[in-house]
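The structures considered in this document are given below.
In the two complexes below, subunit A is the common chain; its partner is subunit B in one and subunit C in the other.
Right, the complex of A and B next:
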């Protein structure tokens, strides 16, 4: 059993996990939404910020999803909202992942560091996401960057704990022991031998983290402390649509469907990957 | 075996709950029928009223978002009719001195407080002194403070001496509730309310409900018709509307304009607008900011905004587009004032050019509620059309209030203001955005101060001369544009067909003296 062999097996198994029905459905759902967001400028030439007197109109040729309460094209707003959400997630999740992993590696160096890092994770986990969001925006004010910071902070303990658990298991395995006996330094064993074998669960965690990011952005914009209006975001559109839920339910439907598809797709991918790893 | 029996138990209880809720639906439906069965007032019944905002005991003596309680438990000395002529309530008659420096009231001698004590002139003296106390944060404090001396002539006649005549004196008596002096601290702490009003304070569950029972010894014989009143606090507008639709609540003054359309068509409700409105939406301008020092820039902003669209899209069509702060109930209202600025982007651009301003970017604070955000986005879009870029700053309401009072607002902000529904002097000496001596806009000019003082310090309020002064106040406000009024919010009473006779006074105190429920 060498590092290489384990690495090879992982590479073969992971895509296999996505080949299941569940995985394919997830990839399709996320793929469609992400493509719609990326191709937004090509799919519609309506300005997501242009207002008009035509408010709360139903779907029509000019406005496929109708218009919102201020007469803006809802199709364009939803597509550009996806872009906003994707941009935020793509920035925030890797930052959270790298910070979490760095902390986990730091914890692996000594018992004292482990205790300290664990308590930091406890502290972050003890903060409910929304309280954390309100605390951060109380200092920084609402906007795109506070959302990124909140998501990154919220993701740190998830990644950190996962990696720490992996490291604890892997470093007691024979190959790690062999490397140590062979005279490899502590850092080399950790980075070169243990780390590559402990990252599997992180890929699953990554998929979960993206769904959490969509969720946090939605919640923050819904509370009015997220992305600043008039810029569209999925949570922001939902928040504005709530007042019209009984009179114009179609207004809330589009952003709701997109958020659901995105979160469901990411969850399906995470589950499929998880199964692939365990097989 | 055990799991099976548990399941059947569950099934049984779900069925029972379903049956119960069915029965509840039916009783609600039945009580909704036969609305206009009987004519004329009927004794009995408990009126249920829904509001989105809870009553705050510490703001009992201030104008706040919920002023439904004041006139249920308490009385005022006088009350205005629709032409703003004072009518007797606890005062039976009054005689102002010719020079306007004193006024003599004759008071009712048959009035008892809820604890059995007799109402006398001392209670009026206490009420005025109470409003003079800064702790009560009464907005009409400046008017109350003009009373310098009290002269009693027996227990039921009282003369108030004034430092100078004031035109909005009866606004004060419409505003000032007569409370029991011994329990006033309990009242602002929310423990008990002792007044002379038609209903006794019952039980309050903060954030949920307040109940009231009939005052059997009310001075107005045969009144009130109702046995009791319940105020339900329902913060979500959706839930409030469904509470009205199911008949759980009979009456509400807090249905958002967007939801009124759905209620109007149903035939289940009577919708009645009040001329006083529910406050005016405005853009405040901090004139100490360099970019907006020039009044032509502020006027350009006023020309740039589309008030009609704001009313349609943000207020659900229930509101009055108006460039002046006055609702229709105010003696200063006129169509010409309301339409002084119309939507004219070309004119706005011209004024900006004249002022030599281009590439303007201004910070713009707004309340971070969905409604506040919608209004701010509409204004931002309109301003962008004439070349004024704005950076929206969503702010929570307490912070905005603090900035308003401490005068630390950014160059632009949008909020709503009250106190324009009565005599114009009340607005100009009471409301934070307009106060001539110290306002949120940092605006001051000897001309404005002079005209406001002259409109305020005069014995009469409705003569041609007074009205000419009000027009001068309006002209100054429109010309200087440090407060840019947009629209008067609609104050709409939504009453089930069973409810009759409920009214609000000019400060939105709920008066249910003559209200009754038909079967």
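Right, the complex of A and C next:
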């Protein structure tokens, strides 16, 4: 009976949250940006790295978004920048999620482990994240990997605390007690009974995690320790446009719109899912 | 209050000690020897060894660590390796700018967060409610570097009202200083203001559902007075805790905002220090940040007990 109810709720969970106006708007925004990134090679045949004499040009038929300070096609750079951000997020977020969840499960094993794990989360949250970014880059040198590592580290406490809270609530429920009374071992109760019921909030955390990844990638580019030029990334293009804001404000327009659409869409999805779970 | 401080201070000092050890170790993990990079590419091994000896880098790690702690205790921070000048002067010069930025942002967080929370809890429908909700969501979602670029585009490029970046000390030239401060402080403050507003809204909604509010309403007390004099004082303590946590966020966020607006603060100094392997600057700076964080936590707890007399200083 319980499994049936849980199963039904699960199956309805995603649509239930996302069918709202907010959820649909979020899916549309994120969908358009992600598709544009995935289909970049089909949408444009301009090389995002090819320089030309036509610097800081306005939009035209050949260059829909104009060109940047080195005469590179901005349309192509923004689309390939989306790809870079997607690739970084898709690598870093799952690593951070798995590490965070592993720590949360470890915390559930004993009181001492719980205290230790909580301190680890506090430390990761309290330490100024962008100084961590500077330090990691100083060790590894600038490039794509430091960005991935910093994002993964930053995602750990979010997932970990969410799952820990879920486990604490679920393991006091009657079904967990019943499983204990039925003779199941602590590990079995935790992994087979409590864990599957505690993962729902992690879906919301997933949407938040991707917008955090976009944030960190951009912030690191602004600090000069992000994805190494000339490779395009959303934050990189935006930070390069800063120097030309007063003379060529159009340069910043496209990356600005794409980043805003992406993070706003992810936030709307997270909020819609959150309401879907609470209901 | 004295017992409260006596109980809390040792754990704070312990956190500082642990942090100092971690900071020291992490910096030593960074590959590359500061002496080699200081000596330059043409220097022979003797020159590098001489620099190592002068900087004390030839001593065992534990000795270096204890030496650093001793210097800190006696207030001698020593010279920087690469940036040049005394560490104390470098930090002193940038500290003022960052404190200015953080305090300005904190003021804006309170000025924006309070009305946002009160409006959110009291106006439940209509265009104002929709606007407050949309504003909170947007501000929370959008990263500071996007807000920063938009603020510059609107207020500096299009309207030409405020400078796009740079810094003038607010103490030397108050009118000019405020103009330079406004955009970076706003950029730094917006997300925290939204968070404060959200917590305050939740707290106020809970407080407004309490029995004493119904009693006050039955007594004919005006809605305005009930919200501001009855419900708000009860909703403030948790909001102050959030505000305390946000101070930590503001300090961390300052690194990014300083980079966007070319603001010569601690964040810029930290960036230079890490990239140029200037151990003394970076380790003193990081420890300072942790110390401020610990102090803010302590002050937050003190303010909390002051706002909520039910909690005793024990």
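Definition applied: the second predicted complex is superposed on the first by the 275 of 279 C-alpha atoms of A that agree within 3 Å, B and C clash if a C-alpha of one lies under 4 Å from a C-alpha of the other, contacts with A are read in each partner's own complex, and residues count from 1 in each chain.
Rule of thumb we're sticking to: contacts are C-beta pairs under 8 Å (C-beta built on N, C-alpha and C of every residue); 3 or more make two chains touch, one makes a residue touch a chain.
Please read these numbers as outputs of a predicted model, since none were measured by experiment.
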First, second, both or neither for A:49, with subunit B first and subunit C second: first
Partner chain in contact with A:229 - subunit B first, subunit C second, else both or neither: first
First, second, both or neither for A:41, with subunit B first and subunit C second: neither
First, second, both or neither for A:131, with subunit B first and subunit C second: second
Contacts of A:70 with subunit B and subunit C, given as first, second, both or neither: first
Touched partner set for A:139, first subunit B, second subunit C, both or neither: second
Partner chain(s) touched by A:271 [first = subunit B, second = subunit C, both, neither]: second
First, second, both or neither for A:242, with subunit B first and subunit C second: both
First, second, both or neither for A:259, with subunit B first and subunit C second: second
Dominant toucher of subunit A (residue count), subunit B or subunit C: C
Common ground on subunit A, meaning residues reached by subunit C in one complex and by subunit B in the other: 224-225, 239, 242, 245-246
Subunit A residues within the subunit C interface of the complex: 126, 128-131, 134-135, 137-139, 211, 214-215, 218-219, 222-225, 235, 238-239, 241-242, 245-246, 249, 252, 256, 259-260, 263-264, 266-268, 271
Of all residues in subunit C, those that touch subunit A in their complex: 26-27, 29-31, 137-138, 140-146, 149-150, 152-153, 156-158, 164, 248, 251-253, 255-256, 259-260, 267, 270-271, 274-275, 277, 286, 289-290, 293
For the subunit B and subunit A complex, residues of the former touching the latter: 237-238, 241, 256, 258-259, 261-262, 309, 312-314, 368-371, 373-374, 376-378, 380-381, 392-394, 396
Subunit A to subunit B touching residues, read off their complex: 49-51, 53, 55, 69-71, 141-142, 224-225, 228-230, 239-240, 242-247
